[in-house]
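One structure is given here, and the rest of the page talks about it.
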Amino acid sequence: MRFFSDNAAPVHPAVMQAMADANHIDTAYDGDQYSARLDAAFSELFGRDAAVLWVATGTSANCLALASILQPHQGVICHREAHIEVDECGAPGFYTAGAKLMLVDGDGAKITPATVTNTLDAIRKDVHQVQAAAVSITNATEYGMVYTPAEVAALGALCRERGLGLHMDGARFANAVAHLGCTPADVTVNAGVDILSFGFVKNGGMGAEALVYFDPALADAARYRRKRAGHLQSKGRFLAVQLLAMLKDDLWLHNARSANTAAMVIAQAAGERLLYPVQANELFLRLTPAEAAALRAQGFDFYDWGVVDENWGAARLVTSWQHTETDVAPLARAIAAL
Amino acid sequence: MRFFSDNAAPVHPAVMQAMADANHIDTAYDGDQYSARLDAAFSELFGRDAAVLWVATGTSANCLALASILQPHQGVICHREAHIEVDECGAPGFYTAGAKLMLVDGDGAKITPATVTNTLDAIRKDVHQVQAAAVSITNATEYGMVYTPAEVAALGALCRERGLGLHMDGARFANAVAHLGCTPADVTVNAGVDILSFGFVKNGGMGAEALVYFDPALADAARYRRKRAGHLQSKGRFLAVQLLAMLKDDLWLHNARSANTAAMVIAQAAGERLLYPVQANELFLRLTPAEAAALRAQGFDFYDWGVVDENWGAARLVTSWQHTETDVAPLARAIAAL
Amino acid sequence: MRFFSDNAAPVHPAVMQAMADANHIDTAYDGDQYSARLDAAFSELFGRDAAVLWVATGTSANCLALASILQPHQGVICHREAHIEVDECGAPGFYTAGAKLMLVDGDGAKITPATVTNTLDAIRKDVHQVQAAAVSITNATEYGMVYTPAEVAALGALCRERGLGLHMDGARFANAVAHLGCTPADVTVNAGVDILSFGFVKNGGMGAEALVYFDPALADAARYRRKRAGHLQSKGRFLAVQLLAMLKDDLWLHNARSANTAAMVIAQAAGERLLYPVQANELFLRLTPAEAAALRAQGFDFYDWGVVDENWGAARLVTSWQHTETDVAPLARAIAAL
Amino acid sequence: MRFFSDNAAPVHPAVMQAMADANHIDTAYDGDQYSARLDAAFSELFGRDAAVLWVATGTSANCLALASILQPHQGVICHREAHIEVDECGAPGFYTAGAKLMLVDGDGAKITPATVTNTLDAIRKDVHQVQAAAVSITNATEYGMVYTPAEVAALGALCRERGLGLHMDGARFANAVAHLGCTPADVTVNAGVDILSFGFVKNGGMGAEALVYFDPALADAARYRRKRAGHLQSKGRFLAVQLLAMLKDDLWLHNARSANTAAMVIAQAAGERLLYPVQANELFLRLTPAEAAALRAQGFDFYDWGVVDENWGAARLVTSWQHTETDVAPLARAIAAL
């Protein structure tokens, strides 16, 4: 059983069906009847006017967002292990024409008003140093931890005070909301987030993410930038219907709850082995090389995630929407039996 | 009946089926079993070693190709009405960090060794002027005309002589090959083309084009650039299977023949109204405003394409893979009856 | 005697003296006492609040200006033979991260509201095409012709109406003002120009141009961009004093008048040979190859500037600040004697 | 007496004289007689064929160098406090179209083969992570420490082994060579350096640095990039003669020795206060706020350079070419007397 990544999971049948249902002639690009519904659908979900662009990947969503709030000579504060820093092959530099990622530390890939403030205060206010213009956080983080509405609001207040934009990389936003039990707005627009990369591909979609602008004025330039980046697909209706299918009857939330629940079953078996609290659908465990090999011998696949100390390695396991409690029970038992 | 664009057509059922069949867990990005087959499949088609990257759009294929053969301080010679100049919102400038498009004229959006030579010779060979490093041609062109193998080979020879790379935008490459009756290699690699953007989206695909490098060494950097542009989709298998389904039993060629045949039926009815010879699946007709309105009143939709003179406007009609001769017969009759 | 370019002329003694006088320790970059005077000195000259940055070259001045008023996905309308298009090796593409130059025609490298309007109206208002955000004109033009205040004002009004910024490349701005007899403000800020590249290097300076922002708010980002482009020289005081020396007692205007007067002396001798009216310090003459050779044999050097027809070539001659009427009299006689 | 920066020092009289002597008409840009001598002059100094471009600033020299050896999707390893990271407002990102600076630690801003190897080995060899293509070191470093030929050679060997280019930021290269007593080649080309930014502005020049390519083939593209960056000054002869004057009779070396000697005089007085060994012309001292105030009250100016601990602050003092032992004796005495 594969726990490499939710990235590799199948597409939810409802999404596949929606794509099949959209297989008729329609206006190209984003002129179709489905794309036209996105603003309204997401505005309803967030209880606020939002302008929404579909794009195929989280990287393009994140980087279009950053380009919306950064000039090339400016910088964005993010965690040292943020996806935009570590796993996007320099895409932020490409999309922003060379803006700088300003890295801060923090447990579980979370950043705080204090770390942001320290970074801001360490920048000389002269033209020799890049000045920060934005903050980007990932929720749930790259270590599966979740920012609460209050935590985001504290960052949002700081951003307002210091004149910074606030972006949220929500590749696993659904898992964060499922954990929090709040509304999507509580942890975003109500807390000061300007732009959200709302991920669906890891949560049952095929190739469509929603780039959500809570300030619709910012979205106008993004539409040109999306085209200019080659991300305005000509049969865009197939992306739009993925998003609509995921919103319908809160499929996004149900899927995320499944993944989170599966993760929790494993977490309970892992106990002291957990390197981070399990709040969403990622688990980081201590395993000796022998234990890791033993699990793999039983058919469980996962990533090695560096080394904890001379005895222990770290493993990353990710559950996804199609995992049930029953599915993961054998893994939980195997871990408990180590 | 809509003749706006092949862009807006449905996806071929075989492609939809291949996507449904790929809906299982697999390795993410391009590590899956289908992506792994692409090099071999296209190498077989072209009878040469080729390295192939899937991307979602023609714009990204074209611009990744240009970035492979251009430094930012260089230029690419293309037709004044080339898609990369006219319809990509400056994407070449984005992907190449500001390289220059050097525009030449030519009937039917075709360029010739003479026009390329004139452009090259007009560039002062000093650092004040951008020097050309590549030529990009579109086959079939933006006006539905087709470069023959001999025409491409003449450009290819010139490019070799002058040290330029040669890119082919093949958004409608299938229609060109269907018209020519040659092998795909005859009009590309055998004629000196270095990189081909092989289009499938307009020809029955959903969201997958093949970026074909006949010099596989050039593809290595392109893999990083694709990721950096946000075009490395995590469920890339769904793009790979589109391409494989299109290659299977030459579906790409059959589809293109259908579109071309449908265009020819209309062309015969249009006669003297044709502004360009019909060689692929696009038709450009003279119509008076009244005639255009009459056709629309009968349910035929198409783009106005500027003005011919004070009496005549131009209309663009595009057929696609799902058009049969029977389908387009009513339109042919309606045009003949004008 | 060399008439290749005012670029190659000596530096005015007053400028040299000012540089010698500044050769003491002072604060680095633009923190020195001279740089601090620039805003006031130019504000007085223009009768308006202006923010002024020194830079070493016209190319950097022009491109910093364009980057101030263009987003990467936008375009700037300029003449097909504008310096930014023809002679800056793609620098605008570099500084703007790939924005597009939209070329228009016009006699003597001048553009008009009509040509700008035609270009604007030909752009489809969709995301597939680059939208114009600015106009850039050169005064005096690349063919030595001068926009009047009324001509600039007509363009300025159009720019306001269409939401475009207006930049003036004033590499030979002094020559234009000397010809017009107006105030510097009349043909710039009062006529709707937002940013002026005010050239001094061709007019007696060594390596300092003034980038003049009539909207000081735009200058803030430009200060970062200047640093980021490596144009914030650490001994910037030596640039500042060049500008101050040129402004002192209107040296800039006296120098330009000398160059213009010298050009006029030659122009009167050239008569029918002139390809463009001589309004500033550039002359474009018809010469047969034999005539060109004859002039060169007498020690007069100049550029060939293409071909007029099968009999006639074009020659470009440029006078500069150090030319007196007496100096150019031999050339005038030689031309008259052809 | 000002010890803020060697940046703020006067220009050496020999340089001023050379500039005065060049004040005649000559070919523009780098076509003049002086620019034509640079390759030979530096080739002689280094005992190797070198191609040399003048540029006005260290930032442009560094960033043109980086652009020569980095593709936009690649990275350069440098020290966390390298000038290119800390003090160039993101210029490397601008010139390289977004390449990444990969930061390593090390005492005195020095990096070692071990730190470079650790960084390289921590990069996953897949397209999701930026791959390193170059190393950049500063000699003397930002903390006034000097890499020996053996240290550079160790880095050079590693770079060759791992396929990386090696750039040296030599803003204070003269001070490093003066300290080492080796030849300029020993610590650069003979040790594996590909490109050297050879600084003169801090050492008696006005506005000219030498960008030295030990692989002349790399310089060709750099000539276009220099123009494209607006750094090809039209009166380039005034930059060329600065460099030639500095090379004449080893003025560069004499000037650097003066600065180093002056620094050493102060260093001996500072004793235990020194935070780093003094090897070139920069000193970093521990001072209490009261001590710093006391020195300033006596007329000595310098930068605060952060905080050492709750009691001590750090001060940076920089000597320059015009400082004699006599000049700095009062400061030495004042420090000793604290």
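Note that the chains take the letters A, B, C and D in the order they are written out, and that residue 1 is the start of every chain.
Please note the rule applied: contacts are C-beta pairs under 8 Å (C-beta built on N, C-alpha and C of every residue); 3 or more make two chains touch, one makes a residue touch a chain.
In UniProt terms, the chains line up like this: A, B, C, D = Low specificity L-threonine aldolase.
Since the structure is predicted, the reported quantities are computational estimates derived from the model, not experimental observations.
The interface holding more C-beta pairs in contact, when A-D is weighed against B-D, is A-D. Distance from chain B peaks, on a Cα-centroid basis, for D. Note on chain placement: the centre of chain B and the centre of chain D lie 50 Å apart, centres being C-alpha means.
Chain A and chain D have Cα centroids separated by 42 Å. Chain A has residues 72-73, 88-90, 94, 97, 127-128, 224, 227-228, 232 in contact with two or more other chains.
Residue ranges on chain B touching chain D, taken from their complex, read 71-74, 97, 127-128, 131, 221, 223-228, 232. Across the complex, chain D is touched by residues 2, 4-5, 7-11, 16, 19-20, 23-29, 55-61, 63, 88-91, 94-95, 201-202, 206-207, 224, 227-235, 238-239 of chain C.
Those residues of chain A that touch chain D in the complex are listed here as 72-73, 75, 86-90, 92-94, 96-100, 127-130.
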